[in-house]
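Okay, so chain A shows up in both of these, paired with chain B first and chain C after.
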Partner chain A sequence: MTAYIIRRLLYTIPIVFGVLMLTFVLFTLVGGDISLEIAGKGATQETIDEIREEYGFNKPLFLAWDSQFINHFKSALTFDFGRARDREPIIGKIKRGVGPSLALTVPMFFGVVIISVSLALVVAFVHGSIWDISAVFICVAGMSIPYLSFILFGQYFLAYKWGVFPVFFSPDLTMAQYVALPALIGIVAGLGGNLRFYRTVMLDEMRSDYVRTAFAKGLDTKRVLFKHVLKNAMIPIITRVVLAIPFLFLGSLLLERFFGIPGLGYLMIGAISSRDYFVINAMTYISAILFVVFNLITDICYSLVDPRVSLE
Partner chain B sequence: MSILKHKPILLLVGLIAATFVLAGCDSSSSDKDSDEMVLRHALFTKLKGLDPGNMRDVYSVTVASQICETLYQYHFLKRPYEIVPLLAEQMPQISDDFLTYVIKIKKGVYFQDDKCFPGGRGRELKAEDFVFAVKRIANIKYLSQNWSMFDGKIVGLDEFREYTKGCESEDDVDYAREVEGLTASDEHTLVIKLKKTWPQLVGTALADIATAPIAKEAVFSYGKDIVSHPVGTGPFVLKVWHRGSYVELVRNPKFRGEPYPGEGEASDAEAGYLDDAGKIMPFADRVVWTVIEEYQPAWLLFLQGKLDNSPIPKDNYNEAITETRELTPVMKQRNIRLKKFLDPSTFWLGFNMQDPVLGSNKPLRRAISYAIDRDKFIEIFFNGRHLVAHGFIAPLMDSYDPNIKEKGYARYDPEKARELLKEAEQIHGRALPELKMAIPGTDSFSRQLGQFLKRYVTAVGLDVEVEYMDWPTYMEKVNTRSAQMFSSGVRASIPDAEDFLGMFYSKYWAPGSNRFNYLNPEFDRLYEKIEVMFDSPERKELYRKMELLVLEDCPAAFLNHRVVFALHHDWYKNYKPHAFAYGMSKYRRIDMKKRAEYKKLLKTIK
Partner chain C sequence: MSDSENITRTQRPCPSQGAAQLGKGRSLWSDGLRRLRRRKLAMVCFVVVLIYFSLAGFIYLAELFDWRIGPTLWAEQVGESYAPPSSENILGTDIFGQSVCRKTLYGTKISITVALCASFISIAIGVPLGAIAGYFRGVADEIIVWIYSTLSSVPYILLILAFAVVLRDKTIFGYKLTGITAVYLAIGLTSWVGICRLIRGEIIKHKGRDYVLAAMSYGSSERRIIFKHLIPNVFHLIIIDFSLRFVAFIHAEVILSFLGLGEADRPSWGAMINDARIELSRGVWWQMAAATAAIFFISLALNIFGDALRDSLDPKLRIQ
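So, the complex of A and B:
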């Protein structure tokens, strides 16, 4: 397994290089020159030239030791992303946003996974009953409602009308208070799709011979569900769950924006709208690394939960 | 099989839901500070920085102007707007040739305490601090967005800028280097010598946050982090800036204190704006801005009494305003007040005059202008609140021509548009090609706007493709003169129409303020004339003449002037609308008793 892990880690080098190349080409060649924008209204050519020099936009793109791409590459490898366009160090922005983003996405993630896997077990077990049909109906309805509707509805009724939660972030509130409602909304909005997926996975397992055998042997329902069905359904669950973890880092754009949570989703969309390539680059690079790492973790988990899988 | 057999799982789900409810319970009120007078506002976009020398966006200026002060300001109550001293002792003494300004600085003004000073104690403000502020803008390594304000205006300043080009970095610049036209003749006297007369010097530059002194000790101590460490002389100091989230200012204990104005318009006494006359400002202990980029939460917070004031979101307009443009009974029941006021702004559909199709075809541009139903536009997009723009000078301006409606081409006349299109085709020599319209924004409002304009322009027989793009892409398109038609607007920064006229001066072609890339030698000649003229009836007439020159050439289909409808709670005092509203927090006061009563009122309403 060690050799496998080392080999996979080595694979990350071309992947990360590819990501760096892609972001550089997209933002530098396709995106165009942002000097005019930084210079502001009525800027003279000399100011624009000075900005190009300050940000290194006047250097060769590739073919020089001091080229823009080499500098882009160096800053990524050293995690020294420099300063954003508002002159704040980018790494400081990311560090500050990670906490609120994770405070929102982690409970949302676990909430969705725990509830949907648990309910999926139950509805799969009562497959064909009114409970199952109702669950499928509610799931489809939940999937059909736009995410924004959940937010607007939740914010208006739960926070404003009934006063159960705060409407918006406020420095007087604890983190638990201001992320509770958005996290709850995220869970409710995410349940439909997840519950349907896990129900299908569970049903596939329920129809297996070994389940019938287990019941025939007289094992109780709890033991069959948790000891056998759940364990055998772990491969698709792990694939879905572990690969979702890197996205937790990126936060939730809509929820963060509507509830004023100063997380990384908010940072990312702000950077996109103000064309702050320095921030976008940093976030893309970190996301790519996380994705590669969690992909590897997924493969390792496969071998841990299923002895039939071996890493070679 | 019953699902109820699986009680543990159902209990788990219930437990998770209960946890969220308990965690989020809104038991904490935002009024832990009930004894403190706190102003609570929303910012609808994130702050970019708080360094006065390099900011142009309205939100950053709004916050920074509570911390840093300028030499002059616009009177809080008097209308028409009158410029009055703030850090200056009096209005400047101007030489007979209008080229030398001598400005006495108030004594006894101190910078806020900060660790950048020896012993952490703020020192006295000196004339040299203003010299430093302007030289800093001139320093090319500082990359200030405000340089165009001073370019070619002050004796020796351009040479200083040239010198900075040779410096290695921002920190290597020697600010002691002399600039002949910018000196401190003594500790409290600033002398400015101009290359040519600049009537707007006081209104444009010396009342602009760009020239607000920021302690040089802070600039050198914090380096690039100065954007989050503004050290000024204003009534408030920065306590917390959680970037992208909220800003909190607290009262500056070293602030000298200023009396609330005792004079204003005739109606001010009746409106209660003079109740605090002579009292020492600021009144508030803290000012908090929360960044809320979506309208729904801002509106809900306002209704909950957690924001003092609010604009009216388009979707909530009918909830707040009746057909007669008054408050609805629901709003009145909450003791909410409505303020309506003209904003010095103009919006248009611009034409790129260097575009081969549009630039050489005046009938085509006029046809597009005639094709748009502006009344319908204002009704649909602004609930009928705004005014039709027949020209580009906003009605708030002294030089606004009340008869402009009869003189321009901002009328809806589809028949006339169709006639003009025939003429336009003859000029073009063949069928007119599809035109492209750049709309900044991809949100629903932008798409509706694009659809509206397209609908009216195509109705008279033109083909139009609407291109929706994010703001930076749009700016690049306009700045590189590659946009054919573009939706845009401007808001004047001073109560003088020169801001509007500058948009058509050929030396300011994009990326400058003349995004139409309009060129009219006669207009240019007049612009160069009015640029050095002081306010007079003759100048006003020239302004109007220049506006007509532009309307005749039709470089844009002018659409609307904004009229602001703003709401505030009755506890929010001294909220007189001000078109150039910077540094206003010092005037505001909260009636704490009324604010407390609102909480009780809310319970009865719910």
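So, the complex of A and C:
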């Protein structure tokens, strides 16, 4: 058991190293020297040189203690990513964005999970009927509508035209007010794929032997469904939920942009339009670290629950 | 992807014609296609997909030979700014008085091109890597698994965006990556992980089978075993995977174009939705509706067709 945890911990090192290599290749080797872009048009040579000095573009790429390669690793491991284009430290910006992002993604995510799991139970209950078939068809249709259309039409009708919700974020709104509509849109947009997934999970369970046994000993469908199927279906459901948690920190790129919520997605969109590689680099790295950590936690939890895991 | 596999497994009434007709044997492909042809809805969807593809091909031809027809004349001003849909302009006009209908048709070309190129890139990377990792195991396997574990620990949308931002307007080997080239490279270079993992797993499973052992015993080279025996035997999985993944590529292109990372000076569905962001508040809904409908129909058709294809070709489902 301890050996498994240690082995699993050691396994995260190459992954973190890989992510650092990936961001280095992407932003330093391919991205290259962007000091001209930062300086803007008509900048003097001195300004450009200054920028080069500050961001370290003038340093050797490899093979020196002060090379860009080493500095890239150093900044990532100390979580000190330097300054964004507007001179604010990137890490401060990220810390500030986490709150609003989580305020949006947490209710959205759990809303989707709770609604789709309960709907999936209902659909599994009536499976094979016309209701089931039409539910699946609606799911597939919902998955085919682009996410952007959900957001735009939702914002237009619910906020702009009918005025049920505020159109944009503003600091004097309470959190519940500005999160309600984007979360609602996110839930509706995410329902199709999730409902279909959970329905499959339920139906898979319903074909197991223990379900047949339960029916054979004369239990009614409702009891089998809630007492037996749901409990066993919780395993894949929980796996999916836990692995989705690190992504919640990222916020929702598009929803935050449309509703002007100052979260991490908004920060990311801003960085894309100003081509601020440093912010994108920091976001990529931090989200990967979060993913690795949550993956580790999940695996360790599994090994606690299921002794077969650590034997591998 | 496993969800759709299981869904269909439950829906489908078990065909027992295999036992009834003990005649001449059929190959996996002809058998699968026969079964596919019997599904009316799937065939309708296939026709819809074909229409989209031939439209894209037709626009390529028209541009090549400089035919002056609707979609290639999208830049022409056909009416006043923001004219609502009428008998003259079926889908109305945009801010410059250009026909929304022509722009939508032209957008097909961009979307299909991006999704096709991205598919080819990710198959070209994912399949050989997956086959090598699964067949040789050892160090090669460790390295390949390491690479894709790394890639999959970064959120997908963030990874695509990072690639698209960096690759955009870069000159690599003297070739400038503009517009959609950067888009399909970004999508292709980031989405081979799924197919690589799938192929690796399948190859590991197939490697111990008799036909591979037979090939080994009569001295086939490793390359021959991989490319002549193993890959053809898992190839249907690649096709199924991509019929479903194509939708994701189309949606990714829309988001990238919307964020201004796509084609800059030609119409695409994502760019149309981006225009519509401002137009909607003025009550101009037709551009938005046209782009949404265009994306919706091809996605729906591909989703349904992909599921049917999976049912028909996946031998695991045939036994039931």
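In this text, the second predicted complex is superposed on the first by the 286 of 312 C-alpha atoms of A that agree within 3 Å, B and C clash if a C-alpha of one lies under 4 Å from a C-alpha of the other, contacts with A are read in each partner's own complex, and residues count from 1 in each chain.
Heads up, the rule we're going with is that a residue touches a chain if its C-beta (ideal position, glycine included) is under 8 Å from a C-beta of that chain, and two chains touch if they have at least 3 such contacts.
For clarity, every value in this text was computed on a predicted model and none was experimentally measured.
Enquirer: After the overlay on chain A, what do you see for chain B versus chain C, clash or fit?
Expert: clash
Enquirer: Quick check for you: in the superposed arrangement, does A:A39 touch first (chain B), second (chain C), both or neither?
Expert: A:A39 sits against chain B, while chain C stays out of touch.
Enquirer: Go through the superposed model and pick first if A:L22 touches only chain B, second if only chain C, both, or neither.
Expert: second
Enquirer: Check the residue A:I280 against both partner chains and state whether it touches chain B (first), chain C (second), both, or neither.
Expert: second
Enquirer: Touch test for A:Y156: chain B only (first), chain C only (second), both, or neither?
Expert: both
Enquirer: Per the contact definition in the header, classify A:V122: touching chain B only (first), chain C only (second), both, or neither.
Expert: After superposing on A, A:V122 lies in contact with chain B but is clear of chain C.
Enquirer: Which of the two, chain B or chain C, is in touch with more residues of chain A?
Expert: The partner making contact with more of chain A's residues is B.
Enquirer: For A:I272, decide between first (touching chain B), second (touching chain C), both and neither.
Expert: Touch status of A:I272: both partners.
Enquirer: For A:I297 in the superposed arrangement: first (chain B), second (chain C), both or neither?
Expert: Touch partners of A:I297: none, neither chain B nor chain C.
Enquirer: Return first, second, both or neither, reflecting whether A:L102 touches chain B, chain C, both chains, or no partner chain.
Expert: neither
Enquirer: Could you tell me if A:G111 is touching chain B, chain C, both of them or neither one (first, second, both, neither)?
Expert: first
Enquirer: On chain A, which stretch or stretches are contacted by chain B in one complex as well as by chain C in the other?
Expert: On chain A, the overlap between the chain B and chain C contacts is residues 32, 152, 156, 160, 258, 272-273, 275.
Enquirer: For a test of understanding, state which residues of chain A touch chain B in their complex under the given definition.
Expert: Residue list for chain A touching chain B: 32-34, 36-44, 46-48, 50-51, 54, 83, 86-88, 93, 96, 107, 111, 114-115, 118-119, 121-123, 125-126, 129, 131, 152, 155-156, 159-161, 163-174, 176-181, 183-184, 187, 221, 257-260, 262, 266-267, 270, 272-275.
Enquirer: Using the touch rule from the top, collect the residues of chain B that touch chain A in their complex.
Expert: 1-3, 5-6, 9-10, 12-13, 16-17, 20-21, 23-26, 28-30, 32, 46, 48-49, 56, 140-141, 143, 145-148, 151, 165, 224-225, 227-228, 240, 242-246, 248, 288, 290-294, 296-297, 300-301, 303-304, 306, 470-473, 475-476, 479-480, 508, 511-513, 606
Enquirer: Once bound in the complex, which stretches of chain A touch chain C?
Expert: 14-15, 18-19, 21-23, 26-27, 30-32, 127, 133, 136, 140-141, 143-149, 152-153, 156, 160, 196-197, 199-201, 203-204, 207, 246-247, 250, 253-254, 258, 268-269, 272-273, 275, 277, 280-281, 283-284, 287-288, 291-292, 295
Enquirer: Which positions of chain C touch chain A when the two form their complex?
Expert: Listed in rising order, the residues are 2-4, 6-7, 10-11, 146-147, 149-151, 153-155, 157-159, 161-163, 165-167, 170, 172, 247, 251, 254-255, 258-261, 269-270, 273, 276-277, 280-281, 285, 288, 291-292, 295-297, 299-300, 303-304, 307.
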